[in-house]
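Both complexes below contain chain A, partnered by chain B and then by chain C.
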Partner chain A sequence: MKITVQICSGTACYVMGGAELLSISEHLTPDELEQVDIKGIMCLGLCENYNPNTPYVKIDDEIIKNVTIETLTERIRLAIKAKAEK
Partner chain B sequence: MNNTIEVAHYNLHKYKEKVAGDCFLMNKAPDERIVATLADGMGSGVKANILSELTASMLQRFMLANVNTVRAANSIMETLPICSVRKVSYSTFTSLNISPDGVTKTLEYDNPELLWFRNNEFLQITKKTSSIETNTTRNTTLYAEIKLEFGDRLIMFSDGVTQAGMGFSATPLGWRINNVKKYIKDIISNETTISAKDLSFNIVEKAKEMDLNQPKDDITCAVVYYRKTRELMVITGPPGDRNKCPYMVEQFQQFSGKKIVSGGTTSKIIADGIGADLEVDMTDMHSDIPPRSIMKGAALVTEGLLTINKVINILDNENITQIKDIDAAHRMVELFIDTDSIYFLVGTAINEAHQNQNMPVEMGLRRISINKLANILREKYLKKVTIEYV
Partner chain C sequence: MNITNKINNLRKSLGAEIISLYFADKLEIEIDKTPIKRAPKNRSSLRCCTYKDRAMYRYRLLSLMGIDIEKEDDEYRSISSFAKEALQRNQIDHKILTVIDIACASCQQNTYMVTDMCKGCVARPCEENCPKDAIQIINNKSIINQDLCISCGKCEKVCPYNAIIYSPVPCEDKCPVNAISRNPETGKEEIDYDKCIYCGRCTRACPFGTIMERSQILDISKQLKHKKNPVIAMIAPSIIGQFPGTIGQIIYGLKELGFDYVYEVAVGADITAQKEAEEFIEKQKEGQPILGTSCCPAYVESVKKHVKTFEKYISHTKTPMAYTAELAKKEHPESTTLFIGPCIAKKYEGTNDQNVDYVLTFEELSSFFLALKIDLLKLEEAKYDTIDATIEAQRFCINGGVAAAVKYYLNKTTPDIEINPYYINGLDKKGLKQLEIAANGKLPNNLVECMSCEGGCLSGPGVIVSPAVSARKLVKPT
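Our next item is the complex of A and B:
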């Protein structure tokens, strides 16, 4: 099973940096790309109530907030590593 | 009425001529009839222009008043100025009087023959003649009554089309009606639902090409496309009262035309309601608005406000015949352009996230954006628009 990376492309996340995150595959190696399934997802529903923590990404079942390209790359690498150690 | 009479024309002036010698006029009668006339004034330049406009506007007035075709023809023939040298009327014409049910009265005088196209072939129009003696000459007009069916087209053009290319070694006698017909048939069989606008444009551009891009005469073509009304539904925004979600889903399912869903939460409501998958199209990457999503049953699924605001911008400012970068907003624009009647189902829930002070772009209220969009569609694009708020 690949690791699922769901990048929120809803309005609030998109304008707060999510747009850039959608190009995450350009920051990963071909080997890494083999192991992840990168998807967009329409509003994860976490942006309500004036939540200042957009953009969001979901890696498998884990939600990460305030994501940048750097943190996302790092989190994906960690997830790959964790899976390999299992 | 679920039928639409789509009419469009395209015209090029004779090379280096500043005014048109051909004149095309189209009007809608209060009873929804469409009347249209293409008149070709003899010669070119200002004289031709005045005469073709005079002829066309007289015919339009007769047709609008639904005057008996023969009587209209005779009155025109009696009134039209006659060329003192050539003893013929100054302006040739083709005139149509189309009822919403498809019954069409035609009247022709010396233009290339009116073409009637159905199911990949040209139909014969059985015409009667009406002759009238004017003080100098005898003029014969042709008239007919036909019944259009959905998908039928009527195509008329000035002789600038049939005579295009005349005198060149490849086409000494010009393009000629049979070749024009063949060309039209090819275009339509390639694109069976080609719009009146695109078809008339194609024919005129081809004629111009045959004249080596320097038209030797005015070139005009008008097309009538009689077809079922195209309906489009846009669902956007979650309902103010969440108990109304099933109503939205039901409206979506029952609507028979094409459907657009705009907005993340809204898309989820519909997808859950109809049990469909919702998937973001990761190949649809553009910088300023989020990618579209794919959902069974919807022609287009997009993000909400950013996309709608971009659509408004495009419809208001861009030359939409030259769309290049196709993102979700442009896809929405294409669906709008290609439709006659648009039904907006607008949810009134306020998205608090958009009121966040940290947002780098200004997010107005959905209702305001949709009203603006509806007004542009009505006023600039003459679409029939209805809005329902839930």
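Our next item is the complex of A and C:
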């Protein structure tokens, strides 16, 4: 099973930096890309009241906040590693 | 700085707060609480203390409500009283920027500095290479005499330890025309409007968010909420990639916000390109050696203020915004028109065009979507209320796009006239020099396409998404 990476593409996450995350595949190696399934998803419902923690990404079942391309790359790598160790 | 940063996001969210309070009829009652809610006590502060944070929120809110902070600085007044005043105005004036002086960190002047990494080496390339003998070695450390230093940067490049750094004043560093500088008396940055070309770079360069636009979000909210006449949104081609979903969903979203019609500015770009092609032929026949494009307002302003000799070569063709607004007012004479784009200079251009009532950036538009909780991905699709534009016109927003569109129209009518464009991609000091050279007839080209922002409008100060991401969505020419 591949690791699912779901990038919140609701309006709030998208305009607060989520759009940049859509280029994530360019930051991963072909090998890493093999092991992940990346997609944009609808609003996760966490963005009420100008919540400053947007943008959100869900990696498998874990929700991460304030995601940047750097932190996302790192989190994906960690997830791949953790899976390999299992 | 990255396009996504805390200052940019803060502006979006404060803008959204103003809009949602206004739509809920609570602006004047609640707005004075915002600084306290955003910077509550017992929470770590962004600046020296909670109180300064609150003061900053106050001024940001004022500028987002369009108040000219330099002029209206009565500290006794509540934010709410300013909101009331803002809601009464019916006109936008030319001064589109405002400086929050207390936000200015009075950055050290643009300097080269020797850091502690200096090992006082024996080769001393810094001293050797300094053309002004500004470097001395004292106690085995290199020292720069700031009175002699001309900031050429040679020492920085030659140091084998990278011990010399350049520390700019970000706003001054990014200004291509030296329009912003420190007032020696107050120590704060000030804009010289005799020089300013409204490119907006300083607003995005300052990491303290000192320079703000005087936003028109309240004026537009008022139009949308208490509608007397139809309100028309005119969307710049660079909308591509700025929001989630399709263009159709964005148009639908705009209609949800209350716009009656949505016009595609690329339709105006088609007119611009076509007329510019005609003008090009005409000028060639008259023996004029070169024609400058005219659609980028920051560049046009820079020519008017800084390269007067080139002014006569600028095309008289109007901008895509102007043609689109003309069309809108013709089709709906009673309407209110709003241009939405990536550009701050367009706000200035808008104040000089009677057909353009308001101008918003994409960033400001995002505040509307946030405030009125419009989740674009969930919407249906709608179509522009204008005819289809060509792909060439839709590509006006990237560097090379304008010249390509002019060429496209030229080829249609007069393929035997050769067009040979010179591109100024991102107007800087070198670009200004090139314009001067062009005015002196020393360029082999016959068209100058100039875009103030490097990469074109997709890199404008009012975008939300970096051009690396948005450019991918642009349709390729066939």
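Annotations
FYI, the second predicted complex is superposed on the first by the 84 of 86 C-alpha atoms of A that agree within 3 Å, B and C clash if a C-alpha of one lies under 4 Å from a C-alpha of the other, contacts with A are read in each partner's own complex, and residues count from 1 in each chain.
Keep this in mind: contacts are C-beta pairs under 8 Å (C-beta built on N, C-alpha and C of every residue); 3 or more make two chains touch, one makes a residue touch a chain.
Please read these numbers as outputs of a predicted model, since none were measured by experiment.
Taking chain B and chain C in turn and counting the residues of chain A each one touches, the greater count comes from B.
In the superposition on chain A, contact of A:Gly10 is made with both chain B and chain C. In the superposed model, A:Gly40 lies in contact with both chain B and chain C.
In the superposition on chain A, contact of A:Thr29 is made with neither chain B nor chain C. By the touch criterion defined above, A:Ala19 reaches both chain B and chain C. In the overlay built on the shared chain, the residue A:Thr68 is in contact with chain C alone; chain B does not reach it. Residues 9-12, 14-16, 19, 22-23, 40, 42-43, 50, 52 of chain A are contacted both by chain B in one complex and by chain C in the other. Against chain C, the residues of chain A that register as touching in their complex are 9-12, 14-17, 19-20, 22-23, 40, 42-43, 50, 52, 68. Taken in their complex, chain B has these residues touching chain A: 264-265, 267-268, 278-282, 285, 287, 289-291, 293, 301, 303-306, 351-356, 358-361, 363.
The touching residues of chain C, counted against chain A in their complex, run 2-4, 9, 12-13, 16-17, 241-244, 366, 369-370, 374-378, 464-466, 468-470.
Chain contact summary for the complex, chain A toward chain B: residues 9-12, 14-16, 18-19, 22-23, 38-43, 45, 47-52, 54.
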